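Following are the structures in question.
Look at the two complexes coming up: chain A is in both, with chain B in one and chain C in the other.
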Partner chain A sequence: MTVRRILRNPLAMLGLVVVFVATVAALLAEFVAPFPFDQVNFSEPLRPPSGTHIFGTDSIGRDQLSRAIFGLRASVTVGLLSVALSLAVGVPLGLLAGFYGFLDPLVSRLTDTALAFPFLVLAVGLAAILGPSLSTAVIAIGIAQIPAVVRVMRSETLRLRGMDFVAAAVAGGAGDATVLLRHILPNAVSALIVQATVAIPGAIIGEAVLSFLGLGVRPPTPSLGVMLADAQTFVRDGPWMAVFPGLTIVVLTLALNLLGDGLRDALDPRESRR
Partner chain B sequence: MSRYVLRRVVESAVTLILATIVVFAGIRALPGDPARTLAGEESDPATLAAIRATYGLDEPLPVQYLRYVQKAATGDLGRSPRTGLPVAESIGHALPVTLQLAVFAIAIAVLMGIGTGVVAAVRRRRPAEWGANAIALLGLSVPNFWFGQMAILALAIAYPLLPASGFVSVFEDPVESFRHLLMPATVLGTGLAAIIMRQTRSAMLDALTADYVRTARAKGLSSAQVVLGHALRNSLIVVITVVGLQLGALISGAVVTEQLFVLPGFGKLTIDAVFTRDYPMIQGVVLVTATAYIVINLVVDLLYSVIDPRIRVGGPAL
Partner chain C sequence: MSLLEVQDLTVRFRTEEGPVLAVDEASFSVATREVVALVGESGCGKSVTALALTDLLPRNASVAGAIQLNGVRPSPRARGRDIAYIFQEPMTSLNPVLTVGRQIGEVLKRHQGASSRARIIELLELVGIPLPGRRIGEYPHQLSGGMRQRVMIAMAVACRPKLLVADEPTTALDVTVQAGILDVLRNLRDEIGTALLLITHDLGVVADIADRVVVMYAGRVIEQAGVHRLFAHPTHPYTRGLLDAVPTPGRPVLKEIPGRVPVMRATSDACTFADRCWRVTEQCRSVRPVLEPGPAGHPARCWHPLGGKE
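On to the complex of A and B.
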């Protein structure tokens, strides 16, 4: 049912195709990219887009399209890992806070505390302690997304806890662990998927921002944010250096948002009909 | 009323204490022994012990923590080894820049967000709604720093209309200040505008089908009166909530925007501090941001319990 609703939504399908192509390109970058990402060519610096270099070249003649394809790898890695991190921490906390009333104030204060550190301020602190790297980006973005996961999981647990089938399970002698893991968690999956569809594009933009500021992925590892940071110096002489990596991020996040909107409508038809 | 206020104040105080513990623990987690750093190369045990005693580093961690909080509460955030100035002073200089940028950005976001949101709700299933929705989707998908780069390319380089960098205070020269802040504030405000638009649209759709709006129409009020005076008024509470919730995103956005447009604000201070390993500055900035965030959120919560009395009766609106 859900699948059919998505298949019938052209915008969501377009999003799905773009996300699929981008992910495959990121995984198989070595085979897809026309040039190695670090191949320097001093005879062709700052070339505007052409047949051989579709996205142009940078100040030391590296092919921008190839760098963007390899950069997608960092985007996809950070997008998936940080959301996985936020789910791994947030889901258990939300389950416990929603199920055991006495834990609720404790978890609420913890999420409030996490929220008090805006994402970039948190990233700055972490970069100071851990040093800038891809893992710093994953941890900073992941932590920043935990409170939202806790809230979703907590409110789902509160809602499901009062339902008849849970009461029936309890009456049938199911222990707390069984109720939480076999009855409540599976029924909260669609809410968590919706949350993830918002979180992944956010994480991808987050990676670009951190790498742009020098707090995330560091050169020579290619990242779309690093490319945009490099472009800063050459805004006048090589504007394409700023245009194409940014467009790549926009197309990817736009596709993810379209897919996410479609998934949300398919999983929760009541909401979409308003 | 007073019970709700009391509960929110106590909750915020607990959060603030937890936040200071996190910042303090962060300082301790920094690589390296502070005493050894201060002593320099020649570090015989006697000198180290003396330094530890002077700075209280030999005391138990809880005592050190209390001392840290006590100093911070009186405005002593330490001294930056890079500039030699007190951290609190540098923050004091940078804050007005960020505040002016943020206020301008919020104003732009609220105007654009409410405007497009109302249009999308009123012109349901017409091109105007699709246009507004498309703009909102773009606002959510375009990273603001890239939008900023493109804005600089277009409006400062290709067609030099606005300055690409620099800051002029609104209190010195309002016109120049407007010219300098227009681009950064728009860049910072668009993401927020997209979120406000979506929320306004959905709140307006609810309101437009509500009984009180039908009553208003039935008693013969004009369309504009109904939409603006009744439906929109009740949708505004959502906007306040969104601005409150998005405050963290706004602070993060300001960091990037200031870096991009070379504005000497809080965000630039923060990033510069990381690259110069100015640890007291980083601690100060993180602590001040967290405190500000907690206090402003408390104010927002209390504010809308005044606007909408249902909130303080029903508990937190979740």
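On to the complex of A and C.
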């Protein structure tokens, strides 16, 4: 049912195809990219887009397309790992807060506090402690996304806790653990999937921002954010250096958002009577 | 010796609008293999009584009185093992993301430590589900309401409980499906020896399946008798009113009981039915009636029981 509804939604399908292609390209970057990402060619610096270098070259003659493809790897890694981190922490917290009323004020106020914290301040602070790296980006973005997960999981738990099948399970002798893990969590999966599809593009942009500021992936490892940072100096002489990495981020996050919207429509029970 | 003995069960709720007395010193018993119907309008405390048996009431309830199953007070661990429940809404009482087989298997594992496909199929057969081998892998949304209620019953009797509490098990179902479910419940007593506490406001269901009837009104037990005696000689005016409100062929106008069930705040020194009763006297409003044998020989809580000398 769900799958068919996504297949019938052309925008969601477009998003799915783009995301799939980008992910495969990131995973198989060594084979897909026309040049190694660190191959310097001093005879061809700052070349505009051409047949050989579709995205042009940078100030030391590196192929921008290849760097963008390798850069996707950082984007995808951060996107998936940070969301996984936020789910791993946020789901249990949300379950407990929603199920045990006495924990709710504590968890909810902590969530509010975390939401009030500016993302960049948190990231800069973490980078200062951990040192800038891909893992720093993952941790900073993951932590920043925990509150949203807690809220979704908490509200789902509150909703499901009052359902008849939960009452029936309790009357049948089910303990709290069974109710939480077998009855509430599986029924919250669709809401969590939607939350994740919103969070992943956010994380990808977050990675680009952190790398741009030098708090995430460090050169020479390519990342779309690093490429944008490199392009700053040459905006006049080589605008393609900024345009193509920027476009890549835009297309990827747009595709993820389209896919997320499609998933939300497909999984929303209120729409299921259509 | 009866299986379930409830003595002076009193349940109070603390609510934002003040205290509510849901059950007021209710006493009744259920014998082994007996089918007892707990009858009354909505709001008479029937479901609360049933939930109180295994301490399933929400936290704002306080329960007093004695509940004994085979002489011991049932603990929460008795849920599903000694006392099992079937609820009114089969459409929403099954977990939508688990297959029928897994849900039954879960109950078996919880109480008996193991479950097997053969045992699950056996249970599905017991409750009259055709093609159990195929149904076992299906999800609740693939089943009709009647089939889902059968699955609920299969889950409830999976561990051969001593007492099955069925709270309006057929209210949400078509009449034809209802008859099938009642057949299943009847069979359960014969095949696995489960006693049944049936909560209903449908006197047709009561006549069909019950051995004995306990009538509740506004939290009090007001009459109890064997099913034939109750239908033939209703003693309390409320029981009479309930029977008169059942559609009967040849009687074009239904007689309703005027007014509605009061919400009791505290126990009162009056008959709770006084405001709706056509036989009310000053005594009814000032002295609480006691449950004592009436003219027909079975207990009723009324100062002016029917069937006596008028």
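In this section, the second predicted complex is superposed on the first by the 269 of 274 C-alpha atoms of A that agree within 3 Å, B and C clash if a C-alpha of one lies under 4 Å from a C-alpha of the other, contacts with A are read in each partner's own complex, and residues count from 1 in each chain.
Following the convention adopted for this analysis, a residue touches a chain if its C-beta (ideal position, glycine included) is under 8 Å from a C-beta of that chain, and two chains touch if they have at least 3 such contacts.
This structure is a prediction, so every number in the text was calculated from the model and none was measured.
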item	value
Clash-or-fit label for the pair chain B, chain C on chain A	fit
Touched partner set for A:Val40, first chain B, second chain C, both or neither	neither
Touch count on chain A, higher of chain B and chain C	B
Partner chain(s) touched by A:Ala174 [first = chain B, second = chain C, both, neither]	second
First, second, both or neither for A:Leu7, with chain B first and chain C second	neither
Touching partner for A:Arg182 - first (chain B), second (chain C), both, neither	second
Partner chain in contact with A:Ala84 - chain B first, chain C second, else both or neither	neither
Which of chain B and chain C A:Leu28 touches, first, second, both or neither	neither
Smallest separation of CA atoms, chain C relative to chain B, angstrom	14
Chain C partner contacts - residues on chain A that touch it in the complex	163-165, 167-174, 178, 182-183, 186-187, 189
Residues on chain C engaged by chain A in the complex (per definition of touch)	51, 54, 56, 76-81, 84-85, 87, 89, 92-98, 106-107, 110-111, 152, 155-156
Chain A-facing residues of chain B, complex	11, 14-16, 18-19, 22-23, 26, 29-31, 137-138, 140-143, 145-146, 149-150, 152-153, 157, 202, 205-206, 247-249, 251-252, 255-256, 259, 267, 270-271, 273-275, 277, 279, 282, 285-286, 289-290, 293-294, 318
Of all residues in chain A, those that touch chain B in their complex	108-110, 112-113, 115-121, 124-125, 127-129, 151, 155, 201, 205, 208-209, 212-215, 228, 231-232, 235-236, 239, 242-243, 246, 249-250, 253-254, 257-258, 274
